[in-house]
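Got a structure here, written out as structure tokens. Questions coming.
A, B, C and D label the chains in the order they appear, each numbered from 1.
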Amino acid sequence: MDLLYFAWVRERIGTGAERRDPPEAVRNVADLIDWLATLSPGHAEAMREPERLRAAIDQKFVPLDTLLGDAREVAIFPPVTGG
Amino acid sequence: MDLLYFAWVRERIGTGAERRDPPEAVRNVADLIDWLATLSPGHAEAMREPERLRAAIDQKFVPLDTLLGDAREVAIFPPVTGG
Amino acid sequence: MIRVSIDDAPIELGVEVAALEERGAGAVATFTGVVRGDDGVTALELEHYPGMTEGALIALAEVAMQRWSLLGVTMVHRVGVMVPGDRIVFIGTAAEHRREALEACAYLIDRLKTDAPFWKRETRGDAARWVEARESDADAAGRWD
Amino acid sequence: MIRVSIDDAPIELGVEVAALEERGAGAVATFTGVVRGDDGVTALELEHYPGMTEGALIALAEVAMQRWSLLGVTMVHRVGVMVPGDRIVFIGTAAEHRREALEACAYLIDRLKTDAPFWKRETRGDAARWVEARESDADAAGRWD
């Protein structure tokens, strides 16, 4: 699975993109966030407050309880602030 | 009294400005329109349908029942169509 | 800052927007009316009431400045003869936030349509006619009361 | 006509407006967001999600085109590093009548704020911070549902 990070999520993890294969038990985006938090101190810091995180699966915004299914690209980021 | 005419009112009368002194009986703008209609065939044609006319006294829009008082400049014209 | 102009020269949109942006606002909204040629109009002539027009536009701008706490208002209306593609009117507003700029811009063009002494005459080939006022314009202006 | 652009070059407002005016519309509305320097911001950096951003803007433009029968929509968002006075975003709409152009313009900037993957980082002297999303933006976007 291709993972993308933006804004302070990216900064805390130290990279904007990585390839990871989460275990079977990781069913939805919220599970993925919890699992990512175990990977490194940077990941832990980035995933510390899931209520401050938003996500997109294959470039569509989704709620955090969305099943990953056969997602190829999952992005995790703070609420958007463009415009 | 300075009288100003715009758009098709001006065209029908044949001038955009004239000086006229209406008689005492002419109290409000509607009276003025009726009186102007008696002045020439062009005036009559311009003032034929008072419901299609609008007015300004001393450069402020006013309803046709507004008293002329000591108006110095009265303008008669169709509804505005700018913008 | 209020800028009002009635002029028979073409409206310089870039210059007008730049002046608004220089107000230091975060949000600039504009409306531009353009002469349409799609129904056979070959020329459009704008007549106005010199002396009254400028005051009417300034009065509208002052109301908007206060109602929406604007940093700038620009209202430019062209008069004289125009052809399809020419800009007839430009309204620009500058505010700290987008809501104020956008609402004020809509207000100003709605009110200009009913509260400023301009008259349009359309020419199609050899035939010219004065444009009739539309009831929908009075309705649009009334929603701001 | 839909034009969407995400670019680190300055936004050329005159060029964008001219392209909209060429649609033959009678009404062109625009919104421009400008970097404000009044609260000590010395630089603003815009990050986005390449690949997703353009599609998100096109999707918004398509909805607006249909909902308001527009003749043209332009959405340009700058990314990278900007300074106060620079344009961040430009929204332009062209329609036959003013109501459609103005409403669609307000819709597009409201929705862009919540539906497009951009993130802002403000720098004040030596300190940089990511801008927090505002609840008022979600409210503004929601009023179009």
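Points worth noting:
To be clear about the criterion, contacts are C-beta pairs under 8 Å (C-beta built on N, C-alpha and C of every residue); 3 or more make two chains touch, one makes a residue touch a chain.
All values derive from a computational prediction rather than experimental measurement.
Annotation of chain A and chain C: jointly contacted by D, touch as defined at the top. Ranking all chains by how far their C-alpha centres lie from the centre of chain D, first place goes to B. Chain B and chain D have Cα centroids lying 48 Å from one another. We define each chain's centre as the mean of its Cα atoms; on that basis chain C and chain D are separated by 23 Å. Separating the CA-averaged centres of chain A and chain B is a span of 73 Å. Spacing of chain B relative to chain C, judged by their CA centroids, is 26 angstrom. Annotation for chain C: residues 33, 98, 109 touch two or more other chains. Residue positions of chain B touching 2 or more other chains, listed in rising order: 83.
By the touch criterion stated above, chain D contacts chain C in their complex at residues 13-14, 17, 21, 24-38, 84-85, 87, 96, 98-99, 101-102, 105-106, 109-110, 140. For chain D in complex with chain A, the residues that touch the partner chain are 33, 46-49, 51-52, 55, 77, 88-89, 109, 112-121, 130-133.
Listed in rising order, the residues of chain B touching chain C in the complex are 4, 6-8, 10, 56, 59, 61, 75, 77-83.
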